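One chain, chain A, appears in both complexes that follow, with chain B as partner in the first and chain C in the second.
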Partner chain A sequence: MMSSFLFRAMDARAGVFLAIMAAVIILVPACNLFVPEESPFHVPTYAVTLMGKYLTYALLALAVDLVWGYCGILSLGHAAFFALGGYAMGMYLMRQIGTRGVYGDPILPDFMVFLNWQDLPWYWYGFDMFWFAALMVLLVPGLLAFIFGWFAFRSRVTGVYLSIITQALTYALLLAFFRNDMGFGGNNGLTDFKDILGFDIQADTTRAGLFAASGLALVLCFLICRSITRSKLGKVLVAVRDAESRTRFLGYRVEHYKLFVWTLSAMMAGIAGALYVPQVGIINPGEFAPANSIEVVIWVAVGGRGTLVGAVLGAVLVNFAKTWFTAALPDIWLFALGGLFVFVTLFLPKGIVGTVSDGWTALRQRRISSDFGEGSGDPPAQPPQSPAAQANVPEPVPATSRAGAVHPQPAE
Partner chain B sequence: MPLLRSLILLFSFIAGLASPAFAQGDAETLRPLINELAKGKYAETEQQIGALVATGDPAVAPALRALSAGDLFFRKSDGQVFITEKAGKSYKLTDPLTLETQGEAGRRDVKKIKVNNKLRRVIRSALGSLTLMAADPKVRRAAAEAVFKAQDPDSIEALDTAIAAETDDAVRTVMEQARAAAVLNSDLEEAQKLAAVETLSEMGNRSALSLLINVRANSEGAVHEAASSAITTIEKSIAAWDSAQNIWYGLSLGSVLLLAAIGLAITFGVMGVINMAHGEMVMIGAYTTFVVQELIRTSAPGLFEYSLFIALPLAFLTSGLIGVGIERGVIRWLYGRPLETLLATWGISLILQQAVRSLFGPTNREVGNPDWMSGAFELGQMTITYNRMWIIVFALLVFAGLMLVLKKTPFGLYTRAVTQNRRMAASMGIRTPWIDALTFGLGSGIAGIAGVALSQIDNVSPNLGQGYIIDSFMVVVFGGVGNLWGTLVGAMTLGVVNKFLEPYAGAVLGKIFVLVFIILFIQKRPRGLFALKGRAVEA
Partner chain C sequence: MTRATSLLYLDGVSVAFDGFKALNELSLTVAPGEMRAIIGPNGAGKTTMMDVITGKTRPDSGEVFFNGAIDLTGEDEASIAELGIGRKFQKPTVFESHTVWDNLELALKAPRGPFATLFHVITGGEKTRINQLLDLIRLGDKRSELAANLSHGQKQWLEIGMLLAQDPKLLLVDEPAAGMTDAETAETAELLKDIAKDHSVVVVEHDMVFVRALGVKVTVLHEGSVLAEGSLDHVSANERVVEVYLGR
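So, the complex of A and B:
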């Protein structure tokens, strides 16, 4: 059972991806810790942290791709789940500071002492234990997503309406976490962490360990997503994306499928946030900003929605560009990012991976048809194609068709 | 504390109208009168005070106050009278009329003008009538208000004379209220006090309320009961006024939301296009106002009062043209793919923001209020600022204008046809691409003129639009797509609800509640308050 599950997750593209990830997970920490600093192969610690950050972003993008690319739910609020996971981890890290804070209070974090709080709020209980915090990293975003999705999908809120209320959700959380009364550090958030699981959070070895953990989490989630999308469940998801009403009429409980991937995706985003926080050393309400969520969507779009590898690739590429631009040409960055949004939606609707994969398919098709020669009456054989690539093909939009109204759609 | 009371009286009147020019103008006639104070005994001093009061000039008040406080001295060498203040071993001299410092004098050089309690009483009532009878109604009003605060029973007499002589109705009302306050603090008979309670009850504001609560605590019998019932009445009326004020604030917020959302409602309703760059259109409108005002400042300062009227068509054109450009350049390639449109327009919004930031800098730019937009007036117990009022009026005008365009012009007819059934409209010969472009331009142009209005109440910065975009979406989604009335009702409802939540939950929590409410509301009515019915729904 398990082996077939894993086997399903494998194909050539996934194999390449996993090989690269394995190399990265092993080589980057090794080049940081064991290669002497003067060597050209040495990876400085800041680069390890930076790449670790990219990996957590890639995981977030993977989560968004699962719901958007495969199930057609455009979430403009995934940063909320990311930040909630981050806050859960941040709370654990805050409790680990102990008496080393500025005020030296063994129980209360600094900001609570500053606000003259006497007792730890009830929702901070248990966060001194790592297992509890780790559980919360999964449960809090998962529960929120479940409740939100339960209401939204049951009442068949779809399309832009859903996008807008996910945005409202993250905006409401942004406002809520800015409040000092919430007990999450208000404007400043949680920061000044000391150690994690007993290791110094600033140490090179810890950073390398966090990097490897992020890589492993990404690989694990990739495999989960992969096996889901290649299973029968994945087929139904794609059907929901392409023709929701039709799928419903075929007898599938669409809202259950949606709710399942939605909740799973939120949990993955939570894990990403939890790995992100110890690496950047701070979590504040700014992570909830609606703009962040929209940026995640563009990573997925750049890489190729509906291709899991594309989401990872897009996240890393765009964030690398962001790091480079904001350092070298800070004024240009927003132009570049905005232009990217427009360019990708207009000219690269399938993203990098989708476009490359299409080109590859077309090339092979041409080769096959030329092999058959002109005299042969046989139709060209259908080239092997991954379901993901098929899933990626959006409904063809005829050039004459204008808006959705023209679109032939089954009546609800 | 009679001294304190007279001080308060005086202070109020100085604040009200101690214009130095006025004082200096009469200095020549007043100065000898004041210098007279240096001569004679108590009896003469009383007459001299009477002479000073007879001038009716408020400029003599500081001297009288100083006399009452024992700070009025005269210089032995020339008999000049000064207000003094002890500074070490010598006295600092201040001219009693101009209130300018006149150097110092040794202890032996000056002599205090003696004063007793009888004189102090005389001075106090003199001061009261001096200000209550002043020529300027503002001063009289301020004096009456000071009496109201001090509740000085001794000023009843002065008030009676003043009320009899008063010509200004508004000031007389204030004086009567002050008299009522003073009567309640005196030991006059019950009937008078009951009448006073009645007067205060009619006054019906917070200060009357606190006064009456005091009275209730310190009285018995009929007065106590009258005060209690008056308090209930006042509390009711205050609650009603508070609600009215809240509704007003809510309408004001609602009109801002309406302005920001109405253009979005058009583009979203007609084309099903989510325009994330809508907020930037508002921002561009605000910056257009800024540029217009800058040009006016440098070249034609006289036109400043009309700057907003000049900015309106320009903002409409600028934003509208940019909107048409966006539609022709980007959005028309993405019809039928609303989620992609959302992303592309978000990208455009980033570009526009950064462009404005590069052109005008990241900081807030100052857009001035013309005179007719600044200030406030009182309506009952509500304060209404002119800029808020005009923005409500303006929002409603824009709404009405848009309704007219959509209902009464051929363009509006085409637009509605396309909204309801795009293919059928195209079959009837309507050039839907042009309608799309023009509608998008119209929606963006409306956002531009919204920007002109918002520049009057908000900071004009590159981030101006982002602050409104989520709220505008909420309004459109709440009100329902494709129906402008829905947008109107949605905006006003959200505005009023927001303002009513604020006192109980605080501004931020109130807003969170509203967001959560909308999220839940969408579950119940996924297409908003006023949903389109029939085939168009599936658009």
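So, the complex of A and C:
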């Protein structure tokens, strides 16, 4: 049962992705640690950290693609789950500082001493242990998503209304975390981290390790997402996206399906946040900003909704562009981002990956029909999509039949 | 017929939308194994009746029982579907970005929970069943085609196939012949008669030729309640029915 579940994730496309990821995970840290600095192949530490950050963004985009691309839930609040995962990790890192803080208090983080707090609030208990913090990275976003989803999906809130509520959720959290009384460092957030699991957080080796961990987390979540989307459950998700009430009349309890992917997606976003924080060295309420969540949706749209690989590609490409623009032409970055979104919506509605894979299929079909035109005597090949194939989306389908095909629709 | 021996039992069902009475004290009984045609002019309450039976709309008053004992008014769409009531919509509704095969696989009677479907591996028995259905609805050569690329008539048939895949006790079929050619309409009538051999079927239809081809008991709805019931010839002889259909 379990093996067939995992086996399902694999095919040529997944293989290419895994090969690229394996190369990145090995080469980038190796070129940083083992190649001498004067060599042109040396990767500086700041670049390792930057790329590690992109990988965590890619994981966040993957989580959004799972709910938006496959189930039609347009979340404009995923950055909230990302930030919560980040805060859980930040709390662990704060407790690791110990007496090395400015005020030297062995238990209380600096900002609490500054606020004249005498005792550690109860919700900070346990965060001195890594396993506990790691558990919270999954549980806190997961639980919030579960409760939120339980009410929203049971009341059949869909489409743009759901999107607006998710925005409200992340905005409410933004305001709450800004308050000093909340006990999460208020405006300044959590920062000045010293070490993680006993390793110096500034050291090159730690940076390389965090990069590799981000890459591995991305690969693992990619495989999980892919196993899900290629299972019968994945087919039900697409059915919900395309015709929700029809799915109900078939006897599927749509709210349970939505709740399942929604919660899982929030936990993945939490993992992404937890890996992001030690690499950038700070977590503050700004991460909850509604604009952040919207940016994630743009990454997914650029890469290609409902493709998984596209979400990763979109996140990395857009963030490379962002890094370049904000350094070279800082004033026009937001215009460029907005323009990109308009361009993609108008000219590449399927995103980069969707468009490329359609083009490839069309090319292949043309080759098959031209072979036939030369009089091979054999009938044209059967459509390559075998009925029993587990996949549901990007399997090649004859170009002619694809013309009127329905592709992931935006949630109303 | 009493409630205990009926398959579907509606008694005094009323539904009002903003004061408009879509159903007005509607009472209707369908026996196990029966095929029933429901006709009536636009706004007679045919689709609202389907909505009430399948749990989409809650009645303001009245009783709805399935299998003599199960109260449907307290159940939602998914559990009513699980109880064995399948529905085909007026406008063909299939999953357009899925293949014909996947549409049938999703409809096939199987555990419906998320974890059951997550670890589901298609069995030989299921494949055989899907192949049988593909033959029945004559879409065998379209099995790997996306449902979006089917013609209107083919979508109607696919939806009937999905209904059969659910293996319900009662099929509610809303205007199966809408938008079909004459030949397709005749074929659809034959298909439904075939299905009625081992299922109970309620067909809502406008097309009198189609209803005649079915040759079953007819219930005429008008303004949310039953106007006449009997064979097609019997109800067409009824003056009130003629009046309603031809206008006063």
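Heads up, the rule we're going with is that the second predicted complex is superposed on the first by the 371 of 412 C-alpha atoms of A that agree within 3 Å, B and C clash if a C-alpha of one lies under 4 Å from a C-alpha of the other, contacts with A are read in each partner's own complex, and residues count from 1 in each chain.
Just so we're on the same page, a contact is a pair of C-beta atoms (placed from the backbone, for glycine too) under 8 Å apart; a residue touches a chain by one contact, two chains touch by 3 or more.
None of these values were measured; they are calculated from a predicted model.
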{"item": "Touching partner for A:L169 - first (chain B), second (chain C), both, neither", "value": "first"}
{"item": "Which superposed partner A:F41 touches (first chain B, second chain C, both, neither)", "value": "neither"}
{"item": "Partner chain(s) touched by A:Y125 [first = chain B, second = chain C, both, neither]", "value": "neither"}
{"item": "Touched partner set for A:F249, first chain B, second chain C, both or neither", "value": "second"}
{"item": "Touched partner set for A:Y257, first chain B, second chain C, both or neither", "value": "second"}
{"item": "Contacts of A:Y103 with chain B and chain C, given as first, second, both or neither", "value": "neither"}
{"item": "First, second, both or neither for A:G339, with chain B first and chain C second", "value": "first"}
{"item": "Chain B versus chain C, judged by how many residues of chain A each one touches", "value": "B"}
{"item": "Those residues of chain A which chain B touches in one complex and chain C touches in the other", "value": "397, 401-407"}
{"item": "Of chain B, residues touching chain A in the complex", "value": "271-272, 274, 276, 330, 333-344, 346-351, 353-355, 357-358, 421-423, 426, 432-433, 436, 466, 470, 473-474, 477, 508-509, 511-512, 515-516, 518-520, 522-524, 526-527, 536, 538-539"}
{"item": "Interface residues, chain C side, partner chain A - complex", "value": "54, 56, 76-79, 81-82, 86-87, 89, 93-99, 101-102, 105-107, 112-114, 117-122, 127, 130, 143-146, 148-149, 162, 166"}
{"item": "Residues of chain A that touch chain B when the two form their complex", "value": "74, 148, 151-152, 154-161, 163-165, 167-169, 171-172, 175-176, 178-179, 290-291, 294, 297-298, 301, 331, 334-335, 337-342, 344-346, 349, 394, 397, 401-407, 409, 411-412"}
{"item": "Contacting residues of chain A [partner chain C, same complex]", "value": "1-2, 4-5, 228, 231-233, 235-236, 238-239, 242-243, 245-254, 256-257, 260, 382-383, 385-388, 392-393, 397, 401-408"}
